[in-house]
Structures are given as C-alpha cells and as structure tokens.
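Here come two complexes built around chain A, the first alongside chain B, the second alongside chain C.
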Partner chain A sequence: MKFTRRDVLQTGAGLAAGAVGSRLIGSGSAFADDMMSFKPEKGAKLRLLRWRRFVQGDETAWVANTKKFTEKTGVEVEINSESWEDVRPKAAVAANVGDGPDVILGWFDDPHQYPDKLVPLTDLAEYLGKKYGGWYPVCERYGKRGDEWIGLPLGAAGACTVYRQSWVQDAGFETFPTDTEGFLKCAKALKAKGHPIGMALGNAVGDGNSWLHTILWGFGGKMVDDKNKVVMNSPETIQALEYVKELYETFVPGTLSWLDSNNNKAFLAGDVAATINGISIYYAAKTSDDPKMKELAKDIYHVNMPQGPVGKPTELNLFTQAMVFKYSKYPNAAKEYLRFMWEADQYMPWQQAAIGYITQPLRAYEKNPVWTEDPKHTPYRDCVKNMLWNGYSGELGYASAAAMADYIVVNMFAEVCAGDRSPKEAAERAAKRSERYYRV
Partner chain B sequence: MTDATPQRATEPGVARDGPARRGRGGDEGEGMDYLVSLPRRVVTVYLPLLVFLFVLLFPFYWMVITTFKSNEELYDFKDFSPFWVVHPTLHNLHKLFFETHYPIWLWNTMVVSVVATFLSLFCAVCAGYAIERLRFKGSRLVGMAIFLAYLVPPSILFIPLSTMVFSYGLFDSKFALILTYPTFLIPFCTWLLMGYFRSIPYELEECALIDGATRLQILVKIILPLAVPGLISAGIFAFTLSWNEFIYALTFISSTTNKTVPVGVVTELVEGDVYHWGSLMAGALMGSLPVAVLYSFFVEYYVSSMTGAVKE
Partner chain C sequence: MVAEIPSVTADSAYRMSLWSRLMTDRNFLGFWFMLPAAAVLILFLAWPLVLGIWLSMTDTTIGRPGVFIGLENFDWLSDDPVFWLAVFNTFLYTTVASIVKFLLGLWLALLLNKHLPFKALLRAIVLLPWIVPTVLSAIAFWWIYDAQFSIISWVLLKFGWITANVNFLGDPDNARASVIAANVWRGIPFVAITLLAGLQTISPSLHEAATIDGASGWQRFRYVTMPLLTPIIAVVMTFSVLFTFTDFQLIYVLTRGGPLNATHLMATLSFQRAIPGGQLGEGAAIAVAMIPFLLAAILFSYFGLQRRKWQQGGRD
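Right, the complex of A and B next:
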C-alpha cells in the first residue's frame, strides 16, 4: 500500500484531532497507569483481513494507526481487505481449514458460528469496557459466548432515515417522524406531493435486513423467542407485514429488486424523498464536485429509524467485530494489536476519519467530536445503543446466521408487498423456513 | 439460401414435402423458398435476429456508455437520457487504470487463465485419448466419472480444496489458482475431447499401427492435428471459465496485487454501498475484451468442434 504526502498530512491532522478528542473523554495520559498490555511473541508478524474501506479516510487512518503499532512494538502487520460481503465466506474457510489471517474483522454473528476456533478475548474486552465507560448491551450479546468474550466489537455501520428536508417540510412535517405511525403519514403526504420514498426490498444484506428487522421487532414480532423456539407466525408479525404493505404504496416503483446500492442512486438522482441508509448518501453529496450535489447535501437530514408500537428502539445495524483465530502463532501480538487499535488515541481519530460511518461499541466514544462537528452526523451516534442483535430474542449461532443469509425476514416482507402472499401466508411460510434452521 | 433450392428439390424427403409446401406457398414453394418474400423474411429471419442482437449486445452497449459517463450524468435521469452519453469522460478509465491495480489484475488473470488452460488441455488430451482409444477395462466408467466430476459445484469443492492449498503453502499465490482451476476444467475438456476423438476414424490409427507407429506417435502426429478444432474449442471454453472464475479466486487469494479481475474489481471499486459504476463498467468492459477477441478469431473452429462432438 502506498501513501502520498497528502495522505500522511491528512492522517496527521486526523490523529491530532483524535488526540484532542481523547483528552476530551478523559483518556490519553490519564490512563497511563491504567494500561493493560500483552507481550507479543518473539518475531511475531500478523495478518489482518478486514472489509474494504467504506470511505478512504477509514483505510488511511487504520493503516496509519497500524504503522504506529509496528513502530512501537516491532510487530509487522499485513493488512488485506475484501469487499464487505466477501469477508464472511473467507472467515468461514479460515476457521474450517485452520489457517489464514491471524485477525479477521467479521460481521454480525460470525464468532458464534465457530466459537471453538477463536482465542478468548475476555481479559482484553473487560479491560476496554472498564476503561471506556462500558460496552453497549448489544455488544456483549454479539461478543460473548456464555461468560467468555470470543469477539471484540468494533462498532456498526449504522442506518438512519435519510430525507430531503425541503420536501418533508413542503409535505407539512418539520422533520421526518421517528415513530412508525408518523413515518407512514409523512410518507403518504410526500407521495401526495409527488415525492415517493423508497427502501430496499430485494436481497440487500445491509439495507434490506436493517430496516425490515427494525420494523418487525418494532411491532413486537420476532423470528424466535428466548429459547430459540420459532414464533414468527404471530399477530405482531402480521401487523408489521400489514404496516409495510401500506407503506409500500408510497414507494417509488422497483424497490422489490433493490440491493444495497440502489437507494443511494435513487436518492441522489432525486427519485425519492427519503430512504433508510448509512451516512454514505450524505457523504457522497457533500464531497461531490458537482454544485448540484453540494446543494442537495444541504437539504439532506437524518433521523433515527422509526420506533414501533413497542415504544423503544429496535434497530438492526451492520455490526462488525474482530476475531483472533486459535491457529495464529502469535495470539498475544494479535491481542496487543487489538488493544492498541481500540484505545482512544487510535480509535477516535480513526472513527473521525471514517466520518461517522462506524458507530462506536464503547460508551465513552459517544463524545467523539465527529458526532457533533456536523449536527447531521448526530443521529448515527446512537445506532449501536439502539440496536438489537440478529436472531433476537434467541441465541446467536449457526441458525441466526443462516436465517439471515437466506433472507427469510426480507423475503417475507417482499412477498406481501409484491402481492404474492397475504400477510398470514407469508408469516406461515417464513416460520416454516426458519424452523428448518432452528431445528438443527 | 436460394442456392439450396435445386439441391434440396432432388432429395426424396424434400420432394415428398413438395405438395404440402406448394399448398402453402404456390407452385414454387420448395425448400426455403418461403423466405423469398420480404415480409416473411423480415418476420422469420431479420426480426428474431434483431431481437437476439439486442439481447446479446445491449449489456455491452450499457457497459460502454456507462464507462464514458460522468457521475453527474449517471445519477441525473431528468436532464440526461440514460441511453446515451452527452459529455463523455475518460475519468472512469483513468481511475481504473491509474488509481487501482487493474493492469496487474489483468496480467494475473491472463497468466492464470493461460497456464491453467494449457495444463488442463494436456491432461484432457491424455485422459480423452486413453478413454476413447486404449479401451482399458472400465474406461467407460472412468469417462462417466470424469463427467460427473464436472457436475460438482465449486461452492462445495472450495473448502476441501482450501485445506490442500493451505497444506501445500500455495495460499495467496498464482499457483493456488493454476492448480485448482483444472479441477473443473479437466472434466469438461476431457468430455468434450472424448466426443471429438470418437469422430476421428479408427482406420487412420490402424494404418499407422501397421506402419509401426507407437501410441504416442499416433497421438501427436495423427490424432492431435486432426483434433485441432476440438482442442481450440476446449481451449476457448477453459480459458473463458478461468477468466471469469470468482469463488476460488476470492477464497485463495488475499493480497490486492495477486487478485484477478473479477475479484479485484469488486473489492476495489465497491466501497460499502457506494458502487463506482463508471469504473466498474470500465473494468467489466476491458475484462471482457480479451475473451471477445479470442472468440472472434476462432469462432469457426469452435462451432465446428461443438457440432462434431455433439454428433457423436
């Protein structure tokens, strides 16, 4: 990987800002006495597999932090990256074959699919939790198997409602409502003004899963209960399906085939007044050279995904966490690397360079200036706090991962919207599909 | 087409059809005369051809225009038509060639595809000839087993293959692909060449045997020269399959500089949910050109070998 002088300067500026930020949250030198450390093995070299950058700043800052780690410890780290959807199969192969990268930044419930292949990270996770205000509850769910931490949460690429302020105000709303009822009313009013909304109903790993799980759980529906018993076919699920069917009437045509990138394109093209997405739409408009896009960026606002009748946030966001594999010859070096990267001096500048793409897993990082320097970033700050876990309210593991990979929830909603099945039929079918996985 | 009429008229089958054709198209209605009238030709020949052309070429057209479009045009359907380019730009090509490792990926893909193709052809020629001509006990079963091996999907094979790739220390090297691609190339090439070898008369080999030629001489000096169309056809197929392969390249390669085009393009030009469509299309277009050129040079051999093999 090559660096230009500009990259180094930009990263330097980011790191300086991060250092200021870390003092803001009371870390840095104040924690000098409170520093855990793992002694890397002699001659240790590490290989990290991570998802491809979401924004250039993310990768540049990550590499700069890694370089700092190498200078400090002498441990070289080779960083490989793959498209974010392709990391999961590679991680599964590494786990099954017993060889591959020492550390992998995976997604969702990856660690729970091969827990016996992973190095326990309990000491490290407890140290970080204690030092940085604690992990959000959902992070403990994702990171822990029983009492043992098997993954180290890095955060989530959060999703919010992204909308055109002027059109929403034109439709009679000050901001986009954050409850499902208001959300529907606003969508109808926008449609009446000739500005439909649109969310992915195709097999979109990120967007489709995020908003549809959020709605399902918001109405009290869920795939399984606490004991992993399939309870998908419930009155709450049917209510959620009826709601989305009604909401779908306000959508722009074509959303049934939308994947993760389609809503970005439609929003930037002015085809939709609102969608549910990461911060990427705003970022693309803000950093574009096109004056029209810059103008559009001024009109883009965000609010958190809507809460349903259950009256509390029920979000699902793209959650990522680090795993250290037992086949690694250098587990201590790997843990030391993770500790170093998760410390405020490194984490905060990296989070800042990623301009809010990744929401922190540790409460102390809520104070990162990235969330307040542009008020439009702020809703993304709470994405992990508002999250539930995949396969809620059951256990994480093979079944929850397979059910998501099979798009059971997404397809259930899409079938109703397409008119292929009634809500009752779609819920029945989804329950049958879920049972196939949860029976194992 | 009109030349065919007198010949066909002398064939018994065609002569028997004569009255029926005449009944439909008048007293000259023989052979393909029904294509003589322009409206009929339009409906039966030109229109289906146009539909085929549209279906086959439209993706290429879309790739070409997207390659030369700016993001402003790409996202603005109100001011710009999506079907052509108003302000062409080379920005996407520049990004592809100078801001990514695309030239290296092209080179990697070329090396892997060419070597894997030749390796597979060599093995397939040996296997195909042995099964078809040496007629050892169980040769039919071996032939069938090789064909069945082709039906095992790579998505099942890649985990056991990963174990082997890691064990031999081939991970993240071109050899990982060069040695795993033949797992699906050899069965297909063998199956194709078996069919082609079967269409070559035995008598030629028997004459050579009488003249004292060895089996190896027969293979090299008689069978292979006669099987050139079959070899080209199998080669093109193997090359295309290697060129487009995704799952092994994704699993066995990690470093950016060792990637092939299908994996490299997806990794480098998709950032989260932001797809750099212009550069992605440029990558797809440039990546499909070598295969298109190869096909255009050898299309006649390709067709003749396919029909030859299938006949048998």
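Right, the complex of A and C next:
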C-alpha cells in the first residue's frame, strides 16, 4: 500500500477531527464545513434491524450510542436484531413488500439487489469520507451504484489466519507465513508433527466463502471479468484448485461437512493448529473462565490471510453496510442517526467495545487503539483495506449475490478436495453454473 | 284491480314459502355453512398456491417485479445438474425414510399394542422425538454427527472398533444416510402412535375367531390386522411422505445442503435460490416442481390404498 501525501494529509485531518478534535471541541459545536447534520422530521421514530452481536460489547455500545442519539434529537430508535444470516432474507422481504425497518444493517451486495428502493446517501457518505480520511476503495465498490452512494459501509467482520504459535514454531516457522506457498509448507510441516489444520469446505456462508475466494483471487482466478463475462475456467483457477487440493491433505478429517462454527470448536479443542477465522476464537479463549483456555489464548496468534502469486491482498471478508429504505417516513432522521453513529465519538468506542470484530471502512479509524492495545488484534485492522468485493472483478448485483448464495466457488473447491472431479472438470462445471447467473 | 289482490297475497305467500323452503333446503344452507371454511381455504391456501405458481412463471428477483416468461424457469432448471441432483436426493430421502419409518413405526405400534407394564408412560416417551421442536433435535444431531466431537465416533473409538472419527456429514453417501437416519428418528412416533390408534379399533373378537379357526400369528397379522389397518396406513403414509418430501429444517441445520450438494432437497434448494440468492422466480419454480410429485403421492394413497379389494387382500 503506497501512501500519497494526500492520503497522509487526509488521514491526519480525519484523525484531528475525529479522535482529538471531537474531544477538544466537544460534540455539538463544530466548524461549519466539518459538521453536517440532517434535521429529523417532526415526531420521527426509527426502526433499525441489525445482525445479532458477535460479542456482547458490540450490542452494549451500540445501544448506548443510540440512547445518546435519542437524548440529543428526541428521535426514538427501536433496535431489532436477527442472526446475521437471517438479515439478508428479512431485508429482501422488506425491500419487496415496501414496508419494514427504516434502517437495516445488511451484508455484502444487498443494496445492489434493490437499489431503487434505497434512499441515496451520497451527501452523508461524502461528508464522512472527507472527514475521516476517506473510504477504502472496496467500500466505494460496495456502497456506490454509479456515482451515488446507496449503502453506508459499516465495516467488515474480518478473517485472519489464527494459529497456535508454539506448534508453528515447533514445526520450524517463526510465524505463520502470509504467502500461499509458505502457508502450504507450514501446513505440511505442522501435519508432519501431528497437527493438522482445517478450514470449512461445507456450505459455510461466512468461512467457506471467505477463505476460498481469497485463495482463488490470490492465484488470479475469478468468476467474471470487469465486463461480467464468465472467465472461471482459466489456468489460474485450476492452479488455485490444485493448490487447495494439496493443502487439503494437511486438513483434519471432516472439513467437507464444516459449517461456520466447526473450526472454532475444533481449534479450541486443540484438534487443529491453524484455521482462518474472525477474532472470535481468540476472544472466546481469552475471556473464558477456564484456566486451560486462558493458557491457550496466550498461544493464539494472528496473521493476515495468505497472499497468492498475484502479489497483493485479495481477501474477502463479511462486509456489512447500512441501508435506508425509501418507504421510511423519516429518511432525514435515519440519515442523522447514521451520521451520528458513524462519527468518531460513537464509532471508535463502539469498535473498541466490539474488540476488533468489526474492521472500519474509514481510514482514520485505523488509529483506533483497539488495534494496538493488544498486538494480537493488529492484523484484523487491515481486513477491509485488503479486501476485494463479491463477484470480483465484475459488478455487484443480482448475479454476484445469486452465484455466491449458490456456493459455486465453495462447491468447486470441495469437489476437487473430495476427489469427485479433477481441477479442470470442476472449473468447467463451476463456469457453467456461473453462466446461469451471468447470462445476459 | 280486484284480480290483482289475490295475486299479491299469493305472491307473498309464495315468497314466505320460498324463504321457509330455503331455510330447510340442505343444499342452500350447506352452501352458506361451507362458505366461511371455503373462504379460509381459498384465502390462505389456494390463493398463495396460485401466487406461487404465477411467481414461478416470472423472472422476479428480490427488489424487482418480474415479467411473465412462461415456462422458461422450468426449461432452465431442466438443464441444471444441481436441480436434478436435488430431485434425486429428495426422492431417495423420501423413499428410504418413509419405508423405514413405516416398518419401524408399525413394529413399534404392534409392540405398544401388547399389554406392557407402564403402558401409558411408554407411549408418552415414544412421542418425544415428535414433540421436540425440529430445530432443537436437528442441533442435537448436528453434535452427534460432528466431525470432531461426535459421541458415536467417541464411543466406537473407545471400544477400539474404529481408528478415526466417522465422517458422518463430510462424505456424500454418509451424509445422505445420516440425514435420513435423523429424519427417521423424528418421524417414527407419528407413524407409530397413529397406527397404534388404528390397531386399537380392531375388535379382539376378530382375532379370537381367527385363532379358533387355527390361524397362526403371521396369518392373523396378514389377514386380519393388515386389511383393517390399511385405511389408517394410507392416511399416515400420505402425511409421512408429504412431511418427508417437504423437509427443510433438518437439512438446513445439519448440512445446508452440503457436502457437494449431496443432501440438498428441493425445498432447501428452492430457499437457497429464492431468498439468499434473490432469484424468487426460479426458487418458486423449484417449489412448484414439487407439486406434481406431492399430488401423485396423495392420489396414490387415496385411490390406491383405500380400495376395498386391496384392503381385503385381493388384487385388481
């Protein structure tokens, strides 16, 4: 990542305004161009649907921030939460029937499935971007349709390689390698010492998609090109498939059935030496009352997901963003609510309370102490910076959502690992399946 | 004028009698008494079904109303290997699970029909798998089948009968067998308890008469119990097949249709395509594709199993 002078200035300005500025100036009073606000409609009341907390701190801080907002503006906000996978269908239904929560914290390409039903948030997004050092490039991909912002990125639940330091060192590596080649070598060395690794190859919405897309893109393979043309069946894809097949040899048995939570359980039980996951494993061990778990936490370390031969990060993480629906009677109140929650005074403490589960979309929040107070948090700081988007390098929309929901990429890798198909056959089949969604 | 007066009275008398005749007319009253039930059925069953069929003939996606495209969704599906795999899985799942549920259920019903100690308690216990919410029992099975922490693997390992954990859900064939086993476990009580109710309506005098005639245990079962039980079996198996064919929760919790789509049923694929995938039209088409099979199952049991000849052990 190259920093231009402009970037540095922007980050600096953002920080000044955010972390320091707000404390010095006090929220409320502000410079004219540094403060935007929307006037809530008279008698406005909001309903927010969000994903259920991954950690208690997230919810507590979110509710506290919301309460602050209500006290300031008199706008009451009712917060409903659903398990993270259930938000998508609920949001889709709300969009379809034209009634439901005013604001929804959705996932991935949700806004691009019903762009006409959403209130444009361009002014708000531009204001926040300017104030807080700019959005990461991937946020513009997710948030914008053409020149207009239709979603307000909240961040991503990032994934990193989570590993047992002592076992990795025992296998002859100082830390877990962050390139695909070294990753494989280390996994093999661990396996030789009797410590397999393991990542989900079942229909795991979060984990399966995250790590397999990261590898696929890392080798230069992708489902579609910039013109949404299917290019899945390529030598690069086949290379990625061969790589994962070799890596699969070092896996603990049963990963083809793994859903999102299996790797957490297996890691904490000491069955695997490494996996790719959110910060939840570390957090569970660290906050456990069990002294054995506390001991284990000391041995858990993180590095970013491996980079492939393309030589740059190609991560896919669970990206979440806020949408304001047009059917809402109080769009201004909703925008004001989002603005309030995204400002440093609220966002930073919230992010801290969520102890690194959510990586920020705005550069200025990189400086949030949550990323440095425990050095083990640090790799998660860069998860959004390192991201590509669903349906890379094509457009976000119906096709990208449908192709991912159908587990085309996950199935392709699983077929090869199970030995059902050769890498070539699997790539051909996946290309055919992708074409079903990317037909013109 | 004079002539009209009687005609008016006659008319009103006629009307009176029409009203009173209507009030006693079975067809007329029957229509009105049926109306509320029919309205409920039409509003909440038939209409959504029609809407579903309509949806399956459009290219609706989430957030965009579709246009009528005729049978294109079906045409498209006919060429989709994943859809056909789901059809195959659904048939395998329904056939195997229904047969096993029937056999074990019948067996259990026959056992429970005997004079056992703690009969009432036993019958209550048998119902348990049916009462527990499916999602809860599915989560229990998820642990039982876990690749690392399966209790079955653990026990077998302790006994030294296996050397590595059983890969319950990670191998396509094992996964199919495992989800069928979980479905059977859950479905047996329904079959058993209903058949038990059927068994208890069979008059003991028939068995006594057969015994006096020198019928063996098997003959009594074959020529007395079975024919009298057939109508109940028809109803139970119709329901059982319907429940199994449309199963969703168990698969969704255990495998999400994996590994390699080996356990995707039509219901789960329909959901996956329609809601997370946003292709409402295609999802509806998969759901509609289930209807002919369901109808066939119902028709078979109603017109086939309820035939008198069959019930009496004869053939056509």
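Note that in this section the second predicted complex is superposed on the first by the 406 of 440 C-alpha atoms of A that agree within 3 Å, B and C clash if a C-alpha of one lies under 4 Å from a C-alpha of the other, contacts with A are read in each partner's own complex, and residues count from 1 in each chain.
What we mean here is this: a contact is a pair of C-beta atoms (placed from the backbone, for glycine too) under 8 Å apart; a residue touches a chain by one contact, two chains touch by 3 or more.
Being a predicted model, the structure only gives us computed values, none of them experimental.
Visitor: In the superposed model built on chain A, check whether chain B and chain C fit or clash.
Guide: After superposition on chain A, which the two structures share, chain B runs into chain C.
Visitor: Who does A:265 touch here: chain B (first), chain C (second), both, or neither?
Guide: A:265: touches chain B and chain C.
Visitor: For A:415, is the partner it touches chain B (first), chain C (second), both, or none of the two (neither)?
Guide: Touch status of A:415: second partner only.
Visitor: Could you tell me if A:357 is touching chain B, chain C, both of them or neither one (first, second, both, neither)?
Guide: So A:357 only meets chain B here.
Visitor: Is A:96 touching the first partner chain B, the second partner chain C, both, or neither of them?
Guide: In the superposition, A:96 contacts both chain B and chain C.
Visitor: With the two structures laid over each other on chain A, which partner does A:280 touch: chain B (first), chain C (second), both, or neither?
Guide: After superposing on A, A:280 lies in contact with chain B but is clear of chain C.
Visitor: In the overlaid three-chain picture, which partner chain does A:311 touch, first (chain B) or second (chain C), both, or neither?
Guide: Touch status of A:311: no partner.
Visitor: Taking the superposition on A as described, I'd like to know which of chain B and chain C A:116 touches: first, second, both or neither.
Guide: second
Visitor: Report which listed segment of chain C has C-alpha atoms clashing with chain B; options: 128-136, 164-172, 272-280 or 308-316.
Guide: 128-136
Visitor: Is there a shared patch on chain A that both chain B and chain C touch, and which residues make it up?
Guide: Dual-contact residues (chain A): 89, 96, 265, 269, 271.
Visitor: Using the touch rule from the top, collect the residues of chain A that touch chain B in their complex.
Guide: 1, 47, 49, 52-55, 80-84, 86, 89-90, 93, 96-101, 157, 206-207, 260-261, 264-265, 268-271, 277-278, 280, 284, 288, 290, 292-293, 357
Visitor: State the interface residues of chain B toward chain A in the complex, per the touch definition above.
Guide: Result: residues 71-72, 75-78, 158-159, 162-163, 166, 171, 250-251, 254-256, 266-268, 270-275 of chain B touch chain A.
Visitor: Contact residues on chain C for chain A in the complex?
Guide: Contact set of chain C toward chain A: 61-64, 76, 80-82, 145-149, 164-165, 167-172, 175, 255-261, 272-273, 275-280.
Visitor: State the interface residues of chain A toward chain C in the complex, per the touch definition above.
Guide: Per the stated touch rule, the residues are 85, 88-89, 92, 95-96, 113-117, 201-205, 252-259, 262, 265-266, 269, 271, 398, 401-402, 405-407, 411, 414-415, 418, 420, 429, 433, 436.
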